[in-house]
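Following this line, the structures themselves.
In what follows, chain A forms one complex with chain B and a second complex with chain C.
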Partner chain A sequence: MRMNAVSLRLPRPFISDHPLPWLLPLIAILVVFALYPFFYNIWLSAHEFIPRKRGLDFVGFDNWVKLFADPRMWNALWVTLFYTGVCLAIEVTLGMAIALLIDSDDPGFGILRGLLTLTLVIPPAITGMMFLLMEDAQFGIIAAFLGDVGLIAPQTAILAEPSLALWGVVVADVWQWTPFMVLIFVAGLRALPSDPYESAMIDGASGWQTFYRLTLPMMGKVIAIAVLIRGIDLFRMFDYVFVMTSGGPGTATYTLSLYAWQQTFSFIKWGYGATISLFALFIVLLVAHLFVSLTKVRW
Partner chain B sequence: MLLSPWQRALRIGLAWAVVLAFAFPIFYWLTVAFKPDGDIFSVPPRVFGFEPTVQSFEEVFGISLGFERGLEVLPGGGNFYMLPRLWDSVVVALFSTALAVVIATLAAYPLSRMRFRLQHHFVFWVLSTRMMPPVAVAIPMFFIYKNFGLLDTYTGVILIHALMNMPLAVLLLKSFFDDIPVEIDEAALIDGASRFKIFRKIVLPMAMGGVAATAVLCFIFSWTEFLFVLTLTQTSLKTVPVVSSTFVTSTGTAWGNMAALGAAAMVPAFVFILLVQKNLVRGLTLGSLKQ
Partner chain C sequence: MNNGDRKLYLASVVDRYVRGQIDRRAFLRTAGKLGLGAGMLGVSSLVPFGGRGGFISPAAAQTIQYSDDMTAWLKETAKPFAGQTVRLATESTPPSNAINSALKPYFEEATGIKVEIEVLPLEQVLQKLTLDVASGLGTYDLYYLDQSWMASFSGDVIDPREKYAAKPDLAMPNYNFDDFLPALVDGISMYDGIMVGVPYDIPIFIQMYRKDVYDELGLKVPATMGEFLANAQAIQKAKGPSIYGTTGQMKSGHYSLECDWTAWLWGHGGSVFGPDGKFAGNDDQGLAAIAYWQKLKENMPSGVTSWTWDGQGQSVGQGLAGQVLSWGEFFPSWDNPESSKVSGLMEAAVPPKADALRTVSETGYGEIPGVGHQGGSSLAVSKYSKSQDAAWLFAQWATAQETQVYITVLGGGTGPTRSSVYDDARVKANAKPGIAGTTRHLDAVRETIANHMGSEPDLPEWAEISNDTIPVELGRFWAGEYDSPKAVMDSIKDKVDGIIAG
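So, the complex of A and B:
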């Protein structure tokens, strides 16, 4: 009987207070699928595919030298940063405005918030297709509308115009992700204490003063988290440009992610593509960690 | 702030106008899915006033919905044969979600309940994997998968989607476990229960709502993912977002069919997102903001 009781017990580690057995599966999958590819990528960046040999050759730091001298890479970095900055600015501003508008307990506003969540779950690749159709020069409803209003010439192919193409992609991003900001900001607004607002009202503060002196500072942490998460996703954006423009016209919408992907899989520059993707990885980790330590966001 | 009735009406009107403007592209896309080919290409574009048809859906999925062709299945599985692709999406999303949630629940428990050395760094490492550009994982993973024969397999895609969702699942579940008072664990420990028993019999049942919300979000992110599937599959499986680009051909784009497929991909996600409204913001911010 006693033997039986012992053999039915769980493996020793699960009884102990040690966290390791609990974390082991997670550590295993992170090592195999995050750490190993990371080091493999570093190894790959020191090699290049040689078509004549049908194999990889060691090239040392050549890919990194090439990277820093490559005007197309700098263009891609600029496009990525510009896109990230513009989208963040629009989405935060618009998101805050809409959040203030729909943060209300009146009947119907719950339905409005529910409707806004719908854009978040559409596959970005399909969003890209939607806007590809809507921005079409002939049958596109957005192009037709902008043409009627007079913002662009009638029958303009927005995504084929070097000066407009990136904005055409920005529109899709803003449409899909402004609700992300709205939902987070509404949740933040609802959690704010009401006392300061009562004091402000008694003191006769204007609406704008209340927002600028009370709401904005108290929302600081919420805005920081939203900007961090959205900023990371914007910096690594791939889907929209892949389906909408493939980087064109020319190099007007080449993001760093797309450039790395095309170097590897379209131009068979395995090592160089890996180098660009590593460069993007280092930038995002550096900026994100700086941001986290400056804003003191905690998880 | 106190609003006069007029201001209140204005606010309601404005709020509806803004939200409907955001909903419009979805509505428009749905009309494209139900338009006959001629009306998709009408100049100027039309929103109303067309004869709705399910022809695009029938062509894409190779099924008959019984309006125009009777109830038999189209020969050859239709023009695009997309039903298996929908199935691929479901399989990948379901299994990757299950894997991510199981591993993440186990890991989230000690992160919430125990204190150990380098804990803060470990959490940050998990968070950092959320920051990696997918392309920096997809490129090396393509070559690793090629060597191990995982390219173009369900296993390969399921594993990479589980990894992709791991930071979200771990941090979100940790925040749900944090909501449960630690005194409950302590009382059970004094009564002689093992850690695993506390986890299985007390903490997990109490956090079930959070586990479900986490699973739904993982499912949605796997369902909408594009880059990994594009890179790591070739012919034997493809999910819906990736396959939608095959409608762009040299002879023109089959917009109606693409919209039909897109509509079929959106609807399950819409249903799911409405299920997790209560925990959505917490999920979107990886557990750092509570509603």
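So, the complex of A and C:
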């Protein structure tokens, strides 16, 4: 191999055994797109854009003080955590149930699994628009159906009711992302060994016992990875609320990402927006670290 | 056939084509005989209703042919700038869409100047302009300026009147600044004695109603706020819930909710600010406005609290509302028989008279009370631009009488900012019911601008106050989170005064 490389007269870095030349492109990408923005954000959080001066002023820890005293931020954090928890619970449960149903080699199930990827290729903003229309009090099929079966009053504007709006957004998320969980779980289920199941069958275990005692423990790591990936994704949810509710009614669906975006881009408070983003990052890192430790996920 | 007759004949041909009285082939044949080029044949078909940008009529686009004078002036004046590029970041508005999709090739061909237009959501326009002025890089040569940003950007642009006087070799003949509607110049272009930009577009609240419903119920066009409410109640009682008394754009946290609020506030003698610069929406007039709005809402579809102007426009277009006080630029789309259920059924009128109206001196930050809430914009040349002269040529062309006429007849629903455009024969020729891109609402628009226009205050904090503080708290009110109008207005006062105090 080395002989071939020399004979081609490649530059020295391309024939080096040292890992550095091979890692450099990745390091460069990391520095440009992750480390620099991260440290710039930290710097920015100690400054604020002053429109009249057309520049940034040093404000020290003012943005952090403001952050912890800001009831809108705490509300947004609560909404984000609630939304993340609810969506995760539904998507994991539904995802596992559907995965168990379609974990089969019978004809047609392969196509069924392929069809599940369809929702994943739709941009979330488009999904938001679809559900915005479907949940509309006058034009929406979901609102009409729920009204007909008596679950809500006829012609209820789901996304304008404080008690319903977040659930209206959850429905869109669950519809789009449950198939993602299904695909991960199906992949996990199909990789499970068959021996324990044969033993369970011989011992006369029921379906529930088999699931609870065998499938669930053996799928633990897969579930943990799926929850971690999806949880991080859910925590930074922006598209659905931006399109469907603008954070309303009032602040009922204001997520942390939407609030950070609004402060940064609508009100040109770059320093405060950066502070909210950093705070969100710290929470994600903290929760992810705790989760990884508790579930003993090995990377 | 002289030029004027030819244009009128063209308008008639377009009208027949839009009505389906002649087919596309016959239309093109006739247009060809009139000497039209084929440059506009590739113009896109109807754009679905979205934002406040409206649609572009492909038939009307094929009638575009600038005067020889305009072409000759552009060719001669632009010679030194051929090959330069001018950039504009703009919201999706009727003039920007018409220029970007149909008119721009003409300017580029005549001048050799390349034009790049970025059509963005309003908040992204603000962000890009803020970055541009903060860096002083001059990435954008032209600024699309919402009327509420005049205070913020007044120091970053070139006063167009000064430019016109200082560079006579670049001054468009007969450009005529006096042709711009005076109320608009004051309301959307001036700040502290500086003309920040040239009046570009004027979306404004007018009254629009279903004539068939009015005739059936024997209603007359409301002249007062009380009559507007009474008509809404009468329609609701007789036709609801298939047709509601009125409709709204009351989505929580959205600027559209603030727009509706100001119309009712001003219409009841209130104002956002008092002369002391403090929030005044919680005074007696402000509370009367909310009480009125509550009664009005009883006659609206329940979905209004989840609709911005998009939903409001669609609700009327789908025949759900008997009357509305809203953006006049909706009107042409409602007359489009292909996308509307109320084509030919709507009529336009000036807004109902305010119960009382504060003077500018009784308000703060240059706020001008008036039931006809306006959301106008200006086009300005950046003082950081490296192609200022080329940009100035484009700005003149884009706001010239001839261009505004084409923008208007293309059907996007624009409110022209020049007086002469309202009187132009081509514009008047389109003032017919039941055709896409009708201009028959423009008389009401013009009168509203002159006598009923309301303008929001000018202060740097207004973007936050109007896009967040007020619509979020009003959204909470409509969602039942406040006990009373007084509670929500007091809460808004605390927040707004706090923001201004820093």
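In this text, the second predicted complex is superposed on the first by the 286 of 299 C-alpha atoms of A that agree within 3 Å, B and C clash if a C-alpha of one lies under 4 Å from a C-alpha of the other, contacts with A are read in each partner's own complex, and residues count from 1 in each chain.
The definition used in the following text is that a residue touches a chain if its C-beta (ideal position, glycine included) is under 8 Å from a C-beta of that chain, and two chains touch if they have at least 3 such contacts.
Not measured: the values here are computed from a predicted model.
In the superposition on chain A, A:108 contacts chain B only, with no contact to chain C.
Taking chain A as the reference chain, the count of touched residues is higher for B when chain B and chain C are set side by side.
In the superposition on chain A, contact is made by A:247 with chain C only, not with chain B.
In the superposition on chain A, contact of A:161 is made with chain C only, not with chain B.
Of the two partner chains placed by the overlay, neither chain B nor chain C lies in contact with A:215. When the two structures are aligned on the shared chain, A:257 is found in touch with chain B, with no touch to chain C. By the document's definition of touching, both partners, chain B and chain C, reach A:138.
When the two complexes are overlaid on their common chain A, residue A:84 makes contact with neither chain B nor chain C. In the superposition on chain A, A:63 makes contact with neither chain B nor chain C.
In the superposed model, A:229 lies in contact with chain B only, and not with chain C. 138-139, 265 are the residues of chain A that lie in the contact sets of both chain B and chain C, per the superposition on chain A. The touching residues of chain C, counted against chain A in their complex, run 123-124, 126-127, 130, 133-134, 136, 152, 241, 251-254, 301-306, 311, 314-315, 318, 320, 460, 463-464, 467-468, 472-473, 475-476, 478-481. Listing the residues of chain B that touch chain A in their complex gives 1, 8, 11-12, 14-16, 18-19, 22-23, 25-26, 28-29, 32, 40-45, 47, 102-104, 106-107, 109-111, 114, 116, 122-144, 159-160, 162-163, 166, 170-171, 194-196, 220, 223-227, 230-231, 240-242, 244-245, 247, 253, 255, 258-259, 262, 265-266, 269-270, 272-274, 277, 280-281, 284-291. Across the interface of their complex, chain B is touched by residues 10, 14-17, 19, 22-23, 25-26, 29-30, 33-34, 36-38, 40-41, 44, 98, 101-102, 104, 106, 108-109, 112-126, 129-131, 133-134, 138-141, 144, 175, 178-180, 183-184, 186-188, 190-191, 197, 201, 207, 210, 222, 225-226, 229, 232, 235-236, 238-239, 242-243, 256-257, 260-261, 264-265, 270, 273-274, 277-278, 280-281, 284-285, 288, 297-299 of chain A.
Contacts from chain A toward chain C in the complex involve residues 49, 51-52, 54-55, 132, 135-139, 155-162, 245-252, 254, 262, 265-268.
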